[in-house]
Structure formats: C-alpha cells, structure tokens
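Going in written order, the chains are labelled A, B, C and D, and every chain counts its residues from 1.
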C-alpha cells in the first residue's frame, strides 16, 4: 500500500517505558477530544504555525523488555494516566505490541531483557545498524507512513570514555567509524545513525551522546536530517532556567543553589548508579553558571535520589541562598511536584512537529531553535528559558 | 552658590522610613566601595549605558515623624544594615535631619505626627503644593543640586473614591482641578504636582495613584517631565511575573495560585487596615491574568498579614496548583524570604538614573521602559518580567 | 427480626458527604482485606484492646441532598477512593440510598435541599427530634442492629448567638429547654438529643456546639451515654499539637505561627462564609496558647481559603518564626498535603469503637480519653497530642 | 587559693569553635540579665529543680588552633552573636586565651594546627592522657573551681575500624588497654578517660565514640562518674523524633522520609569528607526505624552538604511521603532554618547541670535520663522525643 499522506511514525526507543506509554495514550486521548495541555506548539502565538496534526501520529518503536499493558496499568495506579483512556486503548496497545522491534540492551541490563533483544548484543555493530534500518523500513511500509522520527527515550546510560578522535571530526564518515568502534558504543549513536540513514529526524530526549558528536552532526547536516536534543528539560532544570534570569536581571548575588531531586520510576532506579547519573547531573549543573554572571564563589549542588514510593512523581526541592543590597542574606526555596511522564510526553509531540518542520525547511543537523526543550541543547550556549523561547517563536513564525 | 554640575537630589517622601534609610546608607556604602549588588543598571549589558553616578546622589526629603538615627538602629538590629556603615554615617544622618521638611500626614495618622507636619493639614491644598515646591527649591539651592527627583515612598494609603471627572482627562490642567479638589486628595498627587512644577521627575514606588491619573500624566507630558511608577515590584509579584511566563510557555494550566505574604514593618502594620491593603492587593492580583491565558476557572488569592516579629523581612509562601498532560495534577510551591528595604533601595537608585536619562531625552509623561520595576506599570499592559527587561534593555542601549 | 449480636449502626449526619462516603467504602475495603492504615486503634499497644470489629459496622444516616453514587465517583476522580473499591460497592450504595432519612437543612441552605428535608424546617423542634428518634429506631430494627452511634459530619455551620441561660446549666433538662428554644437552634443539638434519648453515643466531628453545652453534657451523664467531640483533628491542627510541645520543651520562643489552609471540597466552600469559618478558626487558634508558655507577644494567625481545584486535598502551609539562644532568629515551615476524607474516615471508625467501649464501661457524658482526636476536646484543657495519646493509651488498656 | 564553693569549670574540647564561643558569650549574656531562651532546664516543671547556677560556670578548654576573638567576630558577622555582647566580653576572651591548653589534633588535620598541639601527636597515648589530666588539675586550681565537666565538641571525626576486643568488655580496665591502643585512637576516648580519672563528668556532644565503649562506660560506672552523650540532637533529628511519633500514633504509613541538610561552618566542611560524615549520618538514620513500626519498604535517606555561604545557619529540608486510609498518597515537607551554635550552646549548659546533678546522686556511667538531648543516647533504645522528655522530667523531679 502506498503511504498515507498524513501519517507520521513515531519510532520510540524504549516504547514501553513510562514516557512512551504516555505518548501512546496521549495521542489516543487527543483523538478523543482531550485538550492539548502541555503542548508548547499549542500556545497563543505558536498554535497557528501549521504544525503536523497530532492525530496523524502513529506510535511504534523498540524495547528490550516489558509489556505495554502492564506499563499502562502502572501509570493508572500512580495517577498519571486516566483509567478511561487506558480502558479504551486496549486495541491500540495490542497492535503496538505486534509491531515493536527488539531493542539494543545495555551490557549492564543483566536479566530482564527479552531473548530477541539479547541476541542483538551478539551482532557486529554494523549489523545492528542494518537491523535498526530494516525496522524503520518495515514500519514505514506496514503502517503506511509517509514520514517519521526516531525519538530516543532509553534510560540514562553510564558515562563512557572518550571515543576515538574521528568521532569529534565533523567531516568524518560515521559509517566508516562504526566499523572499528568500541563494542560498548552508546546505543544512542546507533539509533541516530539509523534515523539519518533512513531519512528521518532524530530526537534525543536523554543525556546520551547521540546527536551530540561532531561526526554525527556533520553527517546529519550533509544529509539534510534534523537532530534535536539533548536531554529533555521538564522539571527542576526548567525552573532553574526560568528563575535564574530573574536573579541575573535584578543583580542579586546567588551564593548557593542546592537542588535535591527525588524520583521513583525506572529512570530513578537507573540513576541510583553513579555512573549513569553522571551525565544527567552534569547537564543539570551546567545551566546556572551559563546564566548567572561568573561567580567563582557560587556553590551549586544537584543530587538525584531514588525514592521508590514516588513512582513517576518527581519531586524537586531547591534552596537558593542569595545576597542583596549591602550584603542582606535572602533565600528562595521551591518544591516542584510533577509527573515525569506527563511533563515529558507532550514535549515529544512538540518535538516531532518541530523536527518535521525543520526537515521541510531542509535544516539538516542540530536544530538550535529547539533549545528551550533541552537541558543540554545541541551546539547552543543559551540556557535562559525565556530567550530560548524568543528564539523558538521567531523560528516558528518565520515563513 | 551655583549648583554642582554632578549633584542630584533625591527628594524622598517618607525619608525616615526603612527604604529611605537604606537608600541613604546605601549611597554612603557605595561611596565607601561596597559592590552595587541589587542595582539593575549595573548588570552586564546595562552597566555601560552611561548612567548618573550613584556617588553624586544627595538624599533629603519629607517626613511626618521619626528620627533618622532611630531608623538606622532599627535596621541594624534586624540585620538589614551593617553596623559599620551605620556607625560611619552618623554625620550624614545629622545633616539629613537638619534638611528634612515636614510631610503631609494622612488624616488617619492620628498622633505620632510632628507639629509642623500636622500644620500642613490646616492649609488649603494649593498652599500645601506651594510649600512642597518651596521645599524643593530650597534643597536645590542649599545643597547645590543641579537636578533632582521626587520619590514617593509613603505607607500604603487607604483606597479612595473616584475623583471628579476632570482628573481623568489628559488635557485638563491639574493645577486648576486642585482648587476644588476634595480635602482628602491622595498626597501622592500633591507631591507629583510639586515635582512636575519644579521640573524634576516623579517616581512612585507605592500603590498610590500619583502619576497614574490622566490629568497628571498629560501635564507631565506637556512639561516634558518623566513619571515612573507605580508600586515597586520587589518580592512575590516579581516572582509571579518571572514564573508565570514559564507556565504559559509550557502550556500548563494554572488552576490556582495562592499567595500568602507576611510582613512586619511599618508598611505591614499599615496594610492591616483592609482599606489600605486594597490597592496593593489589586496590583498584586492583576499580574497573573495578564500573563496567563484567559482561564475563568483559575483561582488566585493574595493576602498580606502583619507579623510583627519579622520586621523588615517579608516572607511570601505561594502555592501553585496546575494541570498537565491528560489532566495530571501537579504543584509548585515557593517561599521567598527577603528584606523589604534591601530589595527596594537599589531599585530606587536605578529609577533615579532612569528618570534622569528619560529627562535628558525629553521623554515627558509615563516612562514605559521602566515597567520591569513596577507591579502596576504606568500605561503598560505587559507584566511578563522577561519581556519587560527586553524592553528596558533596548531602551537603555538606544542612542 | 432480633438484632444481630455483632452489628453496630453508624448513623452519619451528612452520610452522602465526602467523609461519609469514605467511611462507607472504607468498611467495604476492610471487609475485602485492605489493611487498616489510619486507624489509631490498630497500632501497637492499642490493637489488642478488644475493640468492636470494623466488619460489623453498618452505615446509614441522614442527608439533605445528593446521591451516594455521585459522591463516590467524585472521590475516585480526585484520587481519594480506589476505582476497584467503588466499582465493587455499587450494591452497598444502592442499599444505603434506600435507608437514608431526610436531614435537617440549615436555613441558609437555599436550594439544593431535597423536599423531604425541606419539610423538616416547617416542623416544631420537638417534632423534629421525634422524627430523628424514629429514624434511629427504624434503622435499628430494619438493619437488625444491636447498638449504634450518631456521628455528626455536617458542614461547618455559622456562628450563633448565646443560647438562653438554661442551656449552660448542667442540671437543666434539655428536652424542656427545647420547647422554647430559638428556631435556628444548631442542628447538632437535635441530633445529640436524639442519640441520647435512643441510648446511642454521640460523636461530633465538626465545630458545631452539640455535646459541648452543659445541659447536654449533664443529660448524657445522667443517661450514661458517651459524648465524643468536638471537631476532628486531622491536619494542620494535628501538626500544631504534635510540634508545639517540641518548641515548649526546648524553650524556644515562638514569636509567630502563621497557618494558611487551602481546601476545595464542600467543607471548603462552606468556610468561604466568614460566619461559618468562625468556630473552626477559633478551635484551630486556641491550641497554641494552651501548649506554649504564656507569651503576649506571640502572633498566631490561621486562615482557610477555598481553592476549588484542590477538591478534597487540603493543603496547609505554616510558617513558624522563633527565637533561640541570645535572640537568634530561626524558622520552621511546613506544607501538609493530605486528603481530608482519607484522614478523617479512619478516625470515625476509631471513635465508634471508643464510644462503644465507653458505653460498655458506663462512662456517660464527655469522654476525656478521646481528646487526641479533636481540635476542641470536650471538658479538656490538654492539647499536647503526645500527652493526649498517653491518656488515651492508659484508658484503652485499663481493665 | 581554695576552690570557690559555687564555681564549676566547663572544659570544652574545641573551645574556640562556634559552639564553644557561643557558650562562652552566652554565660556572659546571662550574667548580664539576658533571658535563658533555649535552656531546657528553665521551662515550667523543670526550672525549679535546683540546678547549678549558669552564672557560676567558668569556661576554658583545649583547642588545636584559632583565636577566640576571631571566632567571636565571625559569629557576629553571621548574625549568631549580638554585637554588644561580643564587645563587652573582650576581657573574658583575653582571659580564656591565656588559659587554653593545646588540644590533640587529628592526624588528618594537616597544617592549621598550632605547634604545641602538634607536639602532642608525638607523645605516647598514656603521656597524652597524663597531660590532659594535668590540664584539668591546673584549671581547677588556677580558676578556683570546685567541680567541672569535660564537654567534647571537636569536629566530626572519620569513622574508624573496630578496636581490640577489650574495649567492648565493660569489666576491662581502659587504662591498661590504652597502653597497647592503636596510635589513631579516637581522641574522644582520651578526653573521656581524663575526665573520669579526674572525677569530672564527660559530655560527648559529637558522633565520636568516647563514652560509648563498654570499657569506658564500665570504668565510669565503677568510678561513679556520669557520662552523657552521644551527638547533640539540635535540628533535623530533633524534628524527626518529635514528628515521627505522630505518624506512628495516627497509623499513617511512612513510605519515604528524605532529609537534606545544608551546613556551612567548620563542622559542615569536615562532613564533606565521607569518612567523617559516616557516623553522623548513621546516628541521624537510626532514629526513624526505632520509632516507626517495622516497615521493610520504608525508604529513608539523609545527606549533609557543605554550603559555605550558610556559615552557621544549618538548613534542613525534609520530604515525607506517607500513605493513609485506602492507600491515599499524602506528604509533609518541612524546612528548618536555625543557627547550629545557638541551638547547641544552651543544651551544653543544660547538660552540665544534669551531669552535676547525676554526680550528686552518685549515678556513675551513662545517664539515660539525658536521652532527649542526643541523637544516639548512650545505652538507650527510646528515640521518641516526647517519651524521652517524660523520662527526663521524672528524673529531674525525683527527690
């Protein structure tokens, strides 16, 4: 069958995870008429920019374990997904389950990985890439998709050593580099390459490197494929980048900004491993120095604790100690309590829309205009959320 | 003696109050080399715009009671002013005391008003105005001031009835209107008129109407005198206007924003009177609807409690209940703890600089570019702090 | 049919309200094996005191409007009642609906009152009492109940004038007084009298006066009927009475304790009316002075705001400003976020158990040992929660 | 000269530290008539128990570095000590400086240790003990002290390996064990031994082992010398032990209690070293499981961060996630902001009073009645603050 003019495939890496499950049900809910709360592309001044219809999105993807029905039930139990939407979407989940392809496990994912996924660990990386490309091709054809996007939602991975030099050269050919790449190459790179090779944008919502390496960025630029990332900005970091400009603009001297994050979902469990938490904490920690004036005395701490009872409800408590006129000692503290998945899922829909628009405009490589969505925006120094939004508005409203 | 080329007079209404006292000592501290923390005009991108030197500012003004030395001691005791700066500024306070002119009391200021101030209540309003103009003239000459600004810092006054129609006509002559004005006319109007007549800008840091009335604004425009106001934005409202844009831009549905303010100083005591709190609460309450999309279901509450033990340390606790994707219920809460005077005083110095610059550019009437400094900016609908700062940066960097 | 040896009737005033609905479903859930979280009588040191079985409780009562099914659905939607318990209890609600008797409306309950309830407003008070007694008799016989208790859960009522002197005389006969009582007599008094006359304990979980008047207390004492009340201690006040002893015992000088309560349910809406909020605020405000040493300078404020989006989730933010050694200024602040109904319902089950035990022991009149459960315990000065619990443990473990 | 009947020596280990400095000035302030805020022995029901006069306390002690004048100035700058008390106590500090003896450094205290203290590191432990005993003798005689107490206030020390078996035997002679003790023996043991040998009580306000070892406790018991400790309970742990009983008594299921501590003083700096933080965190973490019913699923985390700008003002933010009736998810969070030294210093005065009373009653060995003052009370399982206070009240009021 020929592709449907309007259908776009969302190829999610970690499609059975909490965010993936929320994306899937969110699209169904929107089809059923629920308001598009949480979508940036739906606010005044942006909603009339001619984005792709959310109703035309079809979700599939890769995963290494789990079951879509269980994931949905978990999110009902923890008050993230409404019972009625989950009840009415059983058929959609059945169909999803049939289309899911095996994902690439992390070496440390001992046990809990299904057999087909485990098999991928045995293949040479070039063959893994070929398999991922095949998956995309098959989905496009079986689901009659005209276009698509790969969205990377896998758990935080452990911090790795530097790669061979070639990967930091924007003129290098990553397909060549892959042949001699280390066996434990970040999976995000393989998914990014599969996306570029298959001509679909790559969106990295995690702290993994995919899309950030010069060799990948250069390749995407040459191929005209948009890259969006890294690491979705949904909670504490969002608040930091929205609030720090106020301290900067009022010339208040931030002496300490301590952030304590509590999280109880799978991502939280992964971040118990200090090696996995490293990249995420680095991304969270870099935003303040970039917004606030250079102050070598500023103390800034970020920690993430796994608190199982919170499940998907990430809770951040921040304490900001600052100095005002004549040395007066002041403080601001805040507590943010929100569902990780409900905060992230609508941004995934936004990012697909943005990626498609960028592709229509032939903007290959990192899309700077999407900086407002990420903790560590690709090739961008601007972390001030409000300035990022100004950049995005201008881009979205450009002819 | 001829005026000193560099000296600018700050004519503070309520000069012995906590903010006035902090302004006075702040200028001394800056003279002594303390960093200019808290001055907006000193941040990167603004500090090189050629503002007037703070060191050239000379403080005097009106008050109805009190003693500058006691005010300073109070602010040391409550950890607002450093002991050493107060100790070294005794001579400056002595000199200030000699120059202070009697202020216009409010009719409800029973007792606690010095005799000379009380006498002003007996005079016709036109004679009161003449007296205020004389005060400005005398200061200019005795202090050898080339320029000046009247800064209105009096306690919140009770809400008044509408004035006769003429006051809402920008072509009317307020000096004519004054002849038949009600006896309890807001004092802020008299001080504004005195400033305009004497050719110095008028800065209204309180919720009083002065400067906001079309007849005053029109008069100032015709005379080429800048008006800045109303109601300094220093704490909870600052945070609201810095944070609400984040909710708007992320399309999160704010269902309730409840703000609880505690304050223990003279201003807090005045606000115990519901009639006096009215205008302030109105200013605080208007900012959210102006930033967030029209949501008739949004509940927003603001209260101010007088908590004597806090003295100058105003503490605000806000609870924001919002809805995300698929109806997920989330919350943000914050506690802001800061010194009212230490937050306000540096802004007074900024506003004088801005007023002088506006006067140099012949910008008579309300100065829209100063909106970021006020809860209820004159003739301005924009309450988003970040957009206000963009407007201010553009204005300040204009040739 | 003869009464069932084990069955106890819970006659709830306001049985279709949020607390009543949670009590009803809670008993079903406990029957189904759910753990008895939240029941004080189930903790170590108390659980083996031979209380009545919760499984033997049968719920019915009075109400002036509403529908039990709607109430249950509302509590599912707001994450108070689990969906499965509500789904499995449809038959129980059907049966409840058939047994509910019309309640006595408040004169200000314009509209929204069903016809049969409205009719009660037309009757002389003595006839209303007779009707309530009939209701109890009928339930006992139709439901085969051996014993029972009336539990007053109606919305906060507006503060009333003093009653005629007789009501404050513990030797007076309230049934005589009723004949000439004012038409707008608090409904709580009528329900209390009906309970005493029918030989069942009366539990007052609201700020209404029922049970608190000497004439009622004396009557109950003479009749050997236990009275428990007033005003359930479930949230902010519980915390106050648990925390204030720490400040007292560490000799820290509490200068201000400001409490801000937000509530979105029917009770919250009723408390929007300052006349209705009065008694509740008084109860909340009295506990601190009773625990902390006499400090005329202490400022203590309590407010309750109706924030509709919170529904049943009452949220309290308290700020405590205290002074330590050598005048050091310190603070504690807390935010309590809990479901009003889920906090109250298990205490209702506890109180019925306690009431039955007291009746078995022939303890007529106010039961002092239940003080830990109430904001304004009957005839008790002790508000320290920990001391109240010691009293309760001793009482419960007495032979 | 013969000892003064009324004079008691406070021999502080770390006498120039923040707590020591606050104790010193606090006694002077009380002599000058300041109220005894923060002293537990001054509350109703305890103040008439015939405690020693604070005015009769004379402070001296050991330290390895620093200067009493600088310490006092630091505490003025950070708003802990009032300027006037520090100004009037210059002579007292001069006299203190002359009496201070060299302290025993920790091996890791590289640099920053004065020469005389460094010399102690070269001596055999038995000679160090002899030196400490001499110090006590000399102070007693030169200051004409009738009695005294050694109070251990040194910085948290790193966690050490188990000691040889003998130390865990209450019948062993610690003076014998000392001869073959490891060179890096906790200094707290040496100070405890010196106190016991010289017949003065030993109070351990830190997480160090001194007083906790069976060999020391047995020796003290045989000698009739009171031991009080360990680890003063002044902030977050105090709150935990005051609040957890409420959750226990209301049968609310605490699923997570996460505590985040920020501290900026010398103690905070020492705790940056994970080896030093270990014992303190262990003490803080043990209290919850001891109060709350056994719940293997409860997650409880405690961390301490060094935030230099806070100086002495320790700030704790705790998040408590709990489950109520039918699984309702609720939370309590609090922020405690207090001066470490101002919280601790009055307790030191209390503990000296208690130690003297215990000695008068010939209560040698661990004083269980002082449990309410410590995170890890010697030989006591009871952590419920309110029960600890009941024990203390009973003990204090015993004849």
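Criterion: a residue touches a chain if its C-beta (ideal position, glycine included) is under 8 Å from a C-beta of that chain, and two chains touch if they have at least 3 such contacts.
Note that this is a predicted model, so its numbers are computed, not measured.
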Exercise for review: From the options C-D, A-C or B-C, choose the one that repeats interface A-D, i.e. more than half of its residue-numbered contact pairs are shared.
Suggested key: B-C
Practice item. Decide which interface, B-D or B-C, involves more C-beta pairs in contact, and give its chain pair. Key: B-C
Review point. When the C-alpha atoms of chain A and chain B are each averaged to a single point, how far apart are the two points in Å?
Key: 45
Practice item. Round to the nearest whole Å and give the separation of the Cα centres of chain B and chain D. Key: 49
Point to revise | Junction residues of chain C, two or more chains touched | key: 79, 323, 329, 331, 333, 335, 337
**Study point:** Residues of chain C that touch chain B when the two form their complex
**Key:** 79, 255-256, 258, 260, 262, 297, 299, 301, 303, 305, 307-310, 315, 317, 319, 321, 323, 329, 331, 333, 335, 337
Practice item. Spell out the part of chain D that touches chain B in their complex, as residue ranges. Key: 79, 83, 335
Exercise for review: Could you please specify the touching residues of chain C with respect to chain D in the complex?
Suggested key: 22, 25-26, 29, 34, 36-40, 42-44, 79-82, 85, 238-239, 242-243, 245-246, 248-253, 293, 323-339, 342-343, 345-346, 372, 385-387, 389-390
